[in-house]
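Going in written order, the chains are labelled A, B, C and D, and every chain counts its residues from 1.
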C-alpha cells in the first residue's frame, strides 16, 4: 500500500500553531506512507493539482489530507482523488484545524496531536475498500413546508421551473407573517399589496397543490424518494362548498374566540376567515371557542350557511404525498409578552407587541387602521417603542439579535406620525442596526424628518399611573435618567423559533441550534442546505431575517431543488450496511433495530435465512453493525476493522 | 551413588527450593478448585493429590508464543524504502516440570515425533524440550474418566519422564530414567531408595489394576476407524451431544495443533504461534470460505481419528492418546472418547 | 508515541458525524481553547458505537473514552442515540464491576451548534482523567497457560 | 416412579418428532450426559435425577426438523428467549417439561469428596450419597446445588407441551442479587485484581460460549475471526478479558441465567458473575428479565424516547 499524506498550512491557520514540517517528517515514517508533503492551501486549485500529480508520480493508492474538517472539504478532495482514477473512498481526511490548531495553544502538543490524527487517518485509509454508488430514480416533486413569503417564493420558483409542488401551510391561509404587516420598510409600501398577488399565484398555479390548515405528520424515505404523511386538520367546514361569503361569521354567537391572525388585538368569532385577502378564503371553526362543541348545541352557522358547508362531524384526515425533495420554510415565532414582566408585558393592556401594533396600524385590521390603545380605545399621543424586548438578553436565553426590529420600529414610528400628526414617539434602543440597502437612511428619516426621539438606553421599568404608562429608563448618551408618560408602549418582542420547530426537525432528521432555529450545512457556503440531503431551508426558520432575505432564500432553495432534479437519477451513498452471507447466522437482530426498515430476511439456496440490506433504503447509520453479534453486517467505510484500526493506532502504539 | 532415592515428604519444599536456584521450576498448585502448573516460589502449596486440570504441555508448547518480532524500518530519506528487522525468540531457560503425571509426560513423547524427531525439528519446541527436565509422579489412584491402561500405557509409565517419583507413605521413591534425571538426582537431599523399590513396584501394580478399561485391545482400531470415515451417520450419532468447544483439545496432553497469526501495529509486530483445535470451525476454514469440516461431527471424527488412526498409522502404531481422561472429565456434555472408540470397534 | 507522556493521557473520543463532530468543529471555529489529549474517531452515529469499542480501547491502553452523539430526539438517523444510550449506560454500570473506574468512560450529547458545550465536555473530561491518572495495564502473564 | 412418567411422555412424543433429547448415564455415576434418541427401544436408557444438569435447549437452534426436548424450569427460559428472538419455530419443538426443585453441581460434589473417583451415587430425601473408595459420603443436596437453584422461581417450566409429573411451586426466595452486591463492595483495585486472576486461567476453549443456549453465533463468533478482528490469539489477560466482555455484552438482556457457562468451565472461572451483574442492572433499568415472557423485546434491541431510569451523567 502506498499512502500519500498532504499536510495543509491553511495559511497560518494550521501552520501558526502546528509545526507542519515536523508533522510531514513524522508522517513519512508511518507504515505504508510513501509520500508526505506540506502545502500552503491544499484546497486551492494548485493544491489539488499537487495531489493529483503526486498520485501519478508516486503511484499512490491511498490519500490522506490533513487540513480542516472533513465536513468542510471531504467532498472536495474525494473529487480530486477520483479525477486521477482512484476510488474516492481511498481518501481520508485528518482534521488538524478545527480539532487541533485552532483549539490548542501549545505548539508541541498540537504538533503531536496532528501527527496522531494523521496516523489515525493513515491506518483507516489502509483499511478502506473501493465503494461504488448505485443510481436510483428521483421523484421530481417537491414539498414546501410553510406558506409564508419564503415558502411561497420557493413554491412558485419550483413550480415555474416545472416541478410539481406540494405546499403545506399550518394556518388556514398562506401569507405568513408578512400578510400581517401593514407596510414594509424602507419603501413603506403596503405589505399585502405586494404579497397578495403572490398568494393568488400560489393558489392558481396548476403545478402547486396547496394544503392549508395542514401539518406534517410523518416523513419517511430519503432524497429522491420521500413519503410524506400530511394531517389535514378538521375545519368543520367543507371547503369544496364554502364560498367565503362570511354569512356564518356574521351570525356566529361565539364572539370571544382568540384571534390568532391579529395576535389577540380584538376577539374573533369561533367561525372565522383570518383576513379579507386570505388564500384560500374559506371559513373554519375553532372548536375550543365554538358553542356547538362546548355546549353541544348551537348550529347557527350551519343554519345560515347558504351552501350547507358546515360539518360538525369532520375529522382530521391523513393524506400521503410522495416527493423527492423538501424545502422547509416554517417561519418564526415571537416571544410572549408575559415573558417580559419588567415591561409589564401581559399585565397592562397598553403594553403591546410590535406585531399587535402592526395589526392596529393596518387598514384591514381590527381597528380599521385607526390607532387606538387597547385599554380605552383612546387615540394615543405619546408612544414609546422599546427595542430588544427580549432580544440580546442572555438572562432569558435569547442572546441573539432579532434582526429586523430596529427597522420596523422606525417604520411604525413614521407611520404613527402619519396617522396622528400631533403625536410624539420615543424609541429606546441599544444599537440601531440598519445595514440593509436604504435602511440607515430610513432610520435617519424617522429621526430627522419625523422627529422620532431616539434614546439610547435600556428601559428599566414600566408601570401605570392613572391612564398613563410611566416608562423609566436610562439615557446612556446623556448619562441621565429618563421618565416618559406614555399613552401606549410597543415592545419589539424577540423573534423565536416556532413552538413546533423542534418536532418538525425531528421528523426531518435535521439539526437545530439551542434556540430551535434550523442549522444550515455551512454558515457561509451552504446557507440553504441542511446536512440531510434533499432537505433545504428558506426564511426565518433558519434564523431571524427580513423579507428580502427570506425571499432570496426561497429562490435559492428552489434553485437547489431544481439543480438536483435536473438529473433523472441520483447516486446513492455507498456508505451503507452490507451483509457477509458467509458469516450471518440469521439472528434477525439487525432487522428489529434498523430505524429505516432497510433490512429484510433472505433465504439462501441452502435454506439458510440471513439478513439482506435494501440498498436504497439504508441510510448508513450503522446501528445494525453494532447490533450484529458476529460482525456479519458491516457499515461500509466504517466497518469494525476500520474503526478497530483507528482504536489500535491510538491505544497500542 | 544409589540407583534410586527416597525423599521424606517434609524435604520436598527444600528440594524444590534448591532446584529453583538453577531451574525455572513449574509445579502443580491449587488455584481455587483448579490445579495448575505454576512457577514454583518458596512457600507455594503444592497439590500432588490429583492430576492438574491443565497438563503441563504449555511449559514446552505455550498456548501462545511470539516466534519472532518484526519491525519495518523506514528510510527517513526515502519513505518508499523499507527494511525489515527480525528478532527471533529462541532464548530458553533450563526448566523443570515437577509433579507431572505419567500421562502428561507421555504427551511430550507424542509431540516429540512431530516436532523433534524429524528432519525439520521445530526450533521452539526443541529449544524448550531439550532444556526441560520432567519429574513425574506415578498415580496412586485413577482419576474419574481416565483409561491409560487401555491405550498401552499405565499409571507409572516412565516413557517421556526424566525422573519418576512414587508416593509411599511418608515420602517419595525416586528413580531416574535419563541422564537429565540423574543430574537432579545428585542432590544431597535424597536418601538411598533401594529399600523402597519393591514397595513402589507393588503400588504401581495395585493402581494399574484399578484403572478402567473401556476396551481390551486396540489392534485393528486404526483401520476400523478409517473404514468408518465416510459413515457420517455413525459420526453424527456419536457426536450429537458434542458442542464443538475446545475444552477436550486444550486440556489434552497430546493435542499439538497450532495456528500462526501476525499482529502488527504501526511499523512493528510479531508472529504468534498459538494453540488451535480441530474442534473449531476456523481450524479448517479455507480462504474461499469453503470449509471441509463444516459440521461438528466431522471435527470430532478428526479428533478421534487423529489419535486412534492417523497418528498410529504414521508413527509405528503409537496411539496419540495417553488416556488421561481429561477430555471426558471436563467435557461440558460428558462426551466420552473411549466410548466412541469402543462403539467404533463394534460398528 | 501516541501521546506526550507526562503531559497528556490517552483519551479516545467517538463522535457522531452529524452533531458532536460538528460541535467539535464549531468549537474550533470559535477558537475555544481545549486540552489536547483527546483523539477523535469519527463515526456516522453514536448508534454505531458498539460498547465493545470502548472496552477494546480501555483494555488496550486508553486512559479514558468519550462517546458523544446528538441529543436524544435529534439523531440524524432518528433512533441511533436511543440505542446508544441504553447500551452505553449498561456498559457504564458494568465497567466498575470489572474494576475499571466508571469515570474513565463518559457518554454525552453535544449538538453541532454547541461549540461552547463541546469545549466544556472536553475540558472537564480531560481534567477528570488527569485526576484519575494513567490507567496502567499490568505486565502480561503468558507463561504456562 | 417419576422416571416411568418421563419415559411414557417421551414414548408418546417420539412418533411426532425426528429426535428427542434427554439424559442418560455418563462415564461415571456422577455424570449424566445428553442423549439423542429416535427409536422407542432407546427410551429405556433415559435417566432423570438431580445430576441431569445440562441445558438441553442449547442444541435446539441448530437442529432441523421437529425436536422433542426434556426441559427443566431454568432451561425453559431458553425456549422463551428463543421465542422472543424468533430463533425457533415453537410448533417444531415439543417441550417435555420436568418439575425440578434443585439440581446438583458436579463440581461442588467433586470438591466435597476431594476429587476422588465415584463408585456409586444414590439419592435419599434431600441428600446425595456418594460412594468413594473410602466409603459412602452423605451430602445435603442444598450444599452442593448450583447457586441458581437457591433462588429458582421456576420449579415448573414456563413452557411445555407435556409435563412429566405434577406442576409444583417454587419454594425458594426471590433472587436479590446479594452475591453481586457483595462483590461490588470490594474496592475497584480488588475487583480488577480478582478478574485478572480469574481471567488469567482462561484457556479460550470457548466451552462457556458453546454451551451457552443464547450464543447463537457459535462458529462465527468474533472472538476467533480475523474479519472483524476484535481479538488476537495471544494468550494474555487482555485478550481473555476481551473475549469474556464480548460474551457478556452479547448476552446483555439475553442471558437467561442458566449458568451453563460457569458449569462447563474447565478452569472454574466464575464467568456467570458478569452476566448476573448485567442482568441485575437491566432489571433495575428496564424491569426486564430475559426468558420470562415470549412477547418481550430484549432491552438492548429497543428503546424508549424518554428513559425514566437513565439519567445524564456528569463528568
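By definition in this document, contacts are C-beta pairs under 8 Å (C-beta built on N, C-alpha and C of every residue); 3 or more make two chains touch, one makes a residue touch a chain.
Computed from a predicted model, the values in this text were never measured in an experiment.
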Selected pair, greater C-beta contact count between C-D and A-C: A-C
Farthest chain (mean CA position) relative to chain D: A
Chain A and chain C, separation of their C-alpha mean positions in angstrom: 30
Inter-centroid spacing, chain C versus chain B (mean Cα positions, whole Å): 45
Rounded Å distance between chain C and chain D, as computed from the means of their C-alpha atoms: 35
Separation of chain A from chain D, taking each centre as the mean of its C-alpha atoms, in whole Å: 54
Residues of chain C touching at least two other chains: 51, 56, 60, 73, 79, 83, 87, 142, 145
Set of chain D residues in contact with two or more other chains: 201, 203, 218, 220, 225, 230, 234-236, 300
Chain A, residues touching no fewer than two other chains: 119, 593, 627, 640, 644, 648-649, 652-653
Residues of chain A that touch chain B when the two form their complex: 2, 25, 28-31, 33-36, 58, 119, 582, 648-649, 652-653
Complex interface listing, chain C residues touching chain A: 1-4, 7-8, 10, 12, 17-19, 21-22, 24-25, 27-29, 31-36, 39-45, 47-51, 53, 56-57, 60-62, 70, 73-80, 83, 87, 111-114, 119
Chain A-touching residues of chain D, taken from the complex the two chains share: 85-87, 216-218, 220-222, 225, 227-230, 250, 297, 300-302
Residues on chain B engaged by chain D in the complex (per definition of touch): 31-34, 36, 49-50, 53-54, 62-64, 141-145, 237, 240-241, 243-247, 249-251, 259, 261, 263, 272, 274-275, 277, 280-282, 326, 328, 330, 332-336, 338-339
Sites on chain D touched by chain B in the complex: 19, 26-28, 30-36, 54, 58-59, 107, 110-111, 114-118, 133, 197, 201, 203-207, 209-211, 218-220, 224-226, 232-236, 260, 263-264, 266-268
